């Protein structure tokens, strides 16, 4: 028991931090600073604790339903680090929008807890609970600008669709349970050798609910609306923390079936074609709609649908190459960093919340702030996958994984979509650098915290784009699926 | 080993110069850029002198160096730089182009000079990466990174309405290059399937490409071909070129026409030829026809253009058609001639745009209309322009003649029809270049000399020396061809 | 009197789930839609119980407990959101909340 | 190194004058014509001396075909290709070299007077450059080197035709000359490729000894001839030469009469063994030569510009030379080149003297009666007139007579060619007499203003005229300067040379008489016309053709199709974006419906697709 306790240390510290922050927010309602500091200390501490541990082997606790491994610790640490960046980088936004209240912080911490447990879960019920623990704060946070109907609408849409898809997940679990009599992943894996339509249906339902979470087309409809309505930092959190955790869970759910079994051969072929469809649809829809957008947040929403498509490329490749889906992990790592940077910058826009930040607010930014323009350029280029940014290597690995999986045509389509997407990013860059500022273009403010975070992210993006060795070595050594 | 280690200086020094340019004060920025690029040119020539001045191919081969650095062992990519008788020319031309570009029309330095210089050195770095790398992934990195400074140079310092030209340039180039990347991935995945260690080094991909089934080889070839055909550009793939050449500031135009286009030539010689000899052989007739059509089509359009910059832009396509004709002979001699002609084209097109920028400075600006009758007023400038124009129409006795002659001589037995068609392009070439020159040079002067302001001086000082030396080089190497041919 | 067979429970559970889903699709009142979500969850609960019975396993019953807890939390959050929305838009009609689009 | 020295002396003159030009420009001073002219002329005189020395050495050396060879460096070595940069001086080259340097030197001197107050160091630069290139052409040891000279003289010609560059008409003429020559040059270029492909060498000496396959020889010969038609102004590429008269008159004398335009003859003579391998080629050459001779002679009768008459006369005389080459008597052609160089240069310089005296008037109908006022010019012009008519004992008599004779008796001789040439000779006598009479005899028709300034030219112009007049008189006595190996047909009709001599004298006499009859009395002013309108035809067909092709490409491909492709692909992406956006209605239930549909679709696919329950 003490060994398990030791292993669970980081999660326990996170829980303790949540309780502390909750306590602070209850007793010091008028000041948000203590809660902010407490939350920051919590995530930083947890990140240090979890990234400091490097277990050579995965350990299962709580009767085999919770996995403590290098992957889950990395996820916990990474998500905490992202949370820290958002806490540090977007406080000014909350103040400006008059929603800087202590509750924000413990909700955020609970969200991180849910997300990290979801990835660590090896039991469908635990996964469901973690999913809801992650989602409920997310709904609330999305509607955090309580006096803004757009924010409320976003929260409600997210809630209704998320709730329905949560039920679908549960129905899938129930089918899987019905087919195998067990709810643990390993149990399902060994039971899947006998196959059966109920198992396959249940598995499909599980996947669909998570494809919804990562907003793969044709389950992506909620994303642009929710992104647009939610407060910018929350949008950033959804784009990074929730997407990363959901996607990793999706990969693990996909691989809870033993595709080596003879009975599952047909299903594997079908599933691959279904996923191929989803991949191509996400890429095409995301990249083409992206270039029609005027709102920056909607643009990033469609951009993240495209990124889901790229991630799916890595998943598609993972079936054949010894079930190693490290390309997904690498992509997520790069994607999270550059998205965090981009959303922290987006939160600097002083455009009124009811219209949102539009693309034209970037016009002539170089004249006004070359510094901000440089940062924007780095993140946008990285999203487009230009060389010497982490975006390039991220794309390299998913393309390569998919190519190794024999999905040449999908790779070619992805390449074409990259070009289309690049147009959208370049258009934003062109607005900043190649146009004179219009009187209507919005104001941007720079704050020390956001500068620190954005510069850090930019350095990270460039560093990993030039010398990614250490990251690649580390991430390649982490088994995603057991 | 000592020599090979210093190869990486060819990459690090431009980066260093880039960083330094952000510190150097605005006022001396231009001097700094020219000085640093001259210094770099000297270093590059010194570095490659063993190869450049070798008297025979065997000696040159002995001086060829390859420097390997494990950069990305996880993906099998190495920083393997190779300086040999192919890449040496391109590297030297790259450094030379930087000198010419930095010394062209100085007006552009009035706006954000630091950024401009930094972008220029980054461009130098990216191009050197591409020209030196034997590793396809690293080559791609260099190849693709060149877009970044180019976009900004055109976008920030370009004329009005430049944004759509920039998009067009970027998107078409990016389309080509990403399909090339997919082809590389395809080869790499074959390598994985064959069970070998993953390595994107050219040497280890050649057998992989050789073992591909016919259809696959064709598709992979197409990816490469499209990238380089857009970059050069060959004619159906050239529609990005004119606007961006015209709207770009002069240094950027010089860079694009003189050296960026050579990326395509280099890629075709260095990578496509050894990787897909069979496929290329299958399509040789078509390829030669495309090259010949490029020559004639672009020449006709150049003849139709009234704007000097547009005319030179098309002329660049036309001349590169000759280069590609040499490449597509798929023979050692043809490729050698193509490299030879490339060097000539680099110098001549850079000089043409350079001198045009000087005319631009001395008139009310080319965008306001073509100035006329300037040769009386600026005899030195226009004499230089005339000589360069002669080189451009490949008058015998110039570098370009020897190159073009050898290219056509080698392409004649391979495809006589294409050679004949391209030959007519040479006649048209004379037509439009004469038109180009006499438009501005002859006739009654259209501008009032009193209104010229600060720039009423003829070409002088550093610019004159630079132009003179380059013209001398064009003439001397027109006769001393052994420096290129090395008794091959 | 026949025994209550597990498959019957399954059918009922699926019907309840379907009713919930259908209601969610067609009803315009946000509160009703909230109830429909609960209905879906409860339908699944029933199927868990049925499968538990089939497999003679306690896991299903256990799951039901968890789900009920989560469902309670979810409806609490949902109601909060509906109230917040009602305060700004003065409506609980789902057709009225279509500001965010395209 | 005498040959090298001979070639490079003009280049030295060029360099010195270029320096002088820019130096003066930098100091904002007008360069002195005398300094520049003397630099250039002395370079040419030195070159002429070198040529004479070399000639003497050649005479002294033994052997059948004595040759002086000098190799400088290797130019291009690639694969099987070896091109040496060097000079070869044999009797053929010697004839041309002597003409170029000798006549060239005289014209350089003449220019000093002619260009006074109008010229600059630039002019002499170009003139020296031309001589350098021309020497490369006739002395070069390989075809690429000939090509260097070939295009080089074209360049110098371009520069000199357009020397007065403020007039756009002059520039247009220069451009026309350059471009038409470029078309011809293409022939030489392609001929080189064929030669290399089949013979594996571009060395002139080795090429001359090579036996080509008959069809290859024909193509090769025709391509070479195409090059010659460009440079030597034959049908179809002759229309640039009359326009080239826009240049200063000494230039017309040197380039467009004496030297450059004869380089076609040089090339045919040089490659005579190869050309003779194909009877088709010879037939084409003689037919084109004769046709050109006739056509240009007819056109010359309708010209009123003194220089244009001489220009068409030059084209016509070149036609004679080509006809000679075509019938297999290249040596007769070369002989005529030399004599023609003397008398045509003389005529041009005389014309120049007249124009100089009349301050630029060129219309013969505005001259008349200049015999008294320009005595030196008149007498020297008379020598030229007599020579071109072929009056005994002037040089033209010997060479023209030889051509006419060969046209009948040579291996590929042909009565038709002879007939056409004879008639052309008649016309030559007619139009030259017309010109002669109109300019020098009769009443003065000068305008008031021109008449008041008439003055005889300075000594520096007169002296070359006198020397050339002597040469025109005596040039024929040297005989044929070269002996080319041509097979004289055994079966060709044998006509006695004496008969031909008599006939040609008769023709000249009749032509001259007709011309005198018509133009000695009252003068009807005749408008210039071009009876064949070839120029207009080219303008309408080739010029407009290229332009409309260019604008077709421009409008329908460049600005049309290629732009459309980009626009359409852009629009397609945009359309896709807007299409996918239409489902984004903002209604949560709508989204849910679509998601449920997607889910149901997947489930049906799974149930019926994988497990086959549907079957």
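All chains are identified by letter, namely A, B, C and D, in their written order; residue positions are counted from 1 within each chain.
In this text, a contact is a pair of C-beta atoms (placed from the backbone, for glycine too) under 8 Å apart; a residue touches a chain by one contact, two chains touch by 3 or more.
It should be emphasised that the depicted structure is a prediction, and the values quoted were computed from it without experimental measurement.
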item: Both-way neighbours, i.e. chains that touch subunit D and touch subunit A; value: B, C
item: Pair joined by the larger number of C-beta contacts - C-D, A-C; value: A-C
item: Reference subunit C; chain at largest CA-centroid distance; value: D
item: Distance-to-centre winner among chains (Cα means, whole assembly as reference); value: B
item: Geometric centre distance via CA averages, subunit D-subunit C, whole Å; value: 97
item: Cα-centroid distance, subunit B relative to subunit C, in whole angstrom; value: 66
item: Chain centre separation (subunit A, subunit C; CA means) in Å; value: 26
item: Whole-Å gap between the CA centroids of subunit A and subunit B; value: 43
item: Shared-contact residues (touching 2 or more other chains) in subunit A; value: 156-157, 160, 164, 224-225
item: Junction residues of subunit D, two or more chains touched; value: 581, 584, 586, 588, 592
item: Touching chain combinations (by label order); value: A-B, A-C, A-D, B-D, C-D
item: Contact footprint of subunit D on subunit B as seen in their complex; value: 168, 236, 238-239, 242, 297, 300-301, 303-304, 332-333, 336-337, 373, 375, 379-380, 383, 390, 395-397, 402, 405-406, 408-410, 412-413, 419-420, 423-424, 426-428, 430-431, 434-435, 438, 441-444, 479-482, 485, 487-488
item: List of subunit A residues in touch with subunit D within their complex; value: 156-157, 160-161, 164-165, 168, 197, 200-201, 204-205, 208, 212, 218-219, 221-222, 224-225, 266-267, 269-270, 274, 284-285, 288-292, 420
item: Subunit D to subunit B touching residues, read off their complex; value: 21-22, 25, 73-79, 81, 85, 144, 147-148, 150-152, 155, 158, 162, 165-166, 168, 171, 175, 178-179, 182-183, 186, 189-190, 192-194, 196-197, 546-547, 549-551, 553-554, 557-558, 562-563, 565-566
item: Touch list for subunit C against partner subunit D, complex; value: 21, 24-26, 94-95, 97-102
item: Footprint of subunit A on subunit C - complex, ascending; value: 10, 17, 20-21, 24, 30, 33, 37, 40-41, 43-44, 47-48, 50-51, 54-55, 57, 59-60, 62-63, 66-67, 70, 73-74, 77-78, 80-82, 84-85, 87-89, 97, 99-102
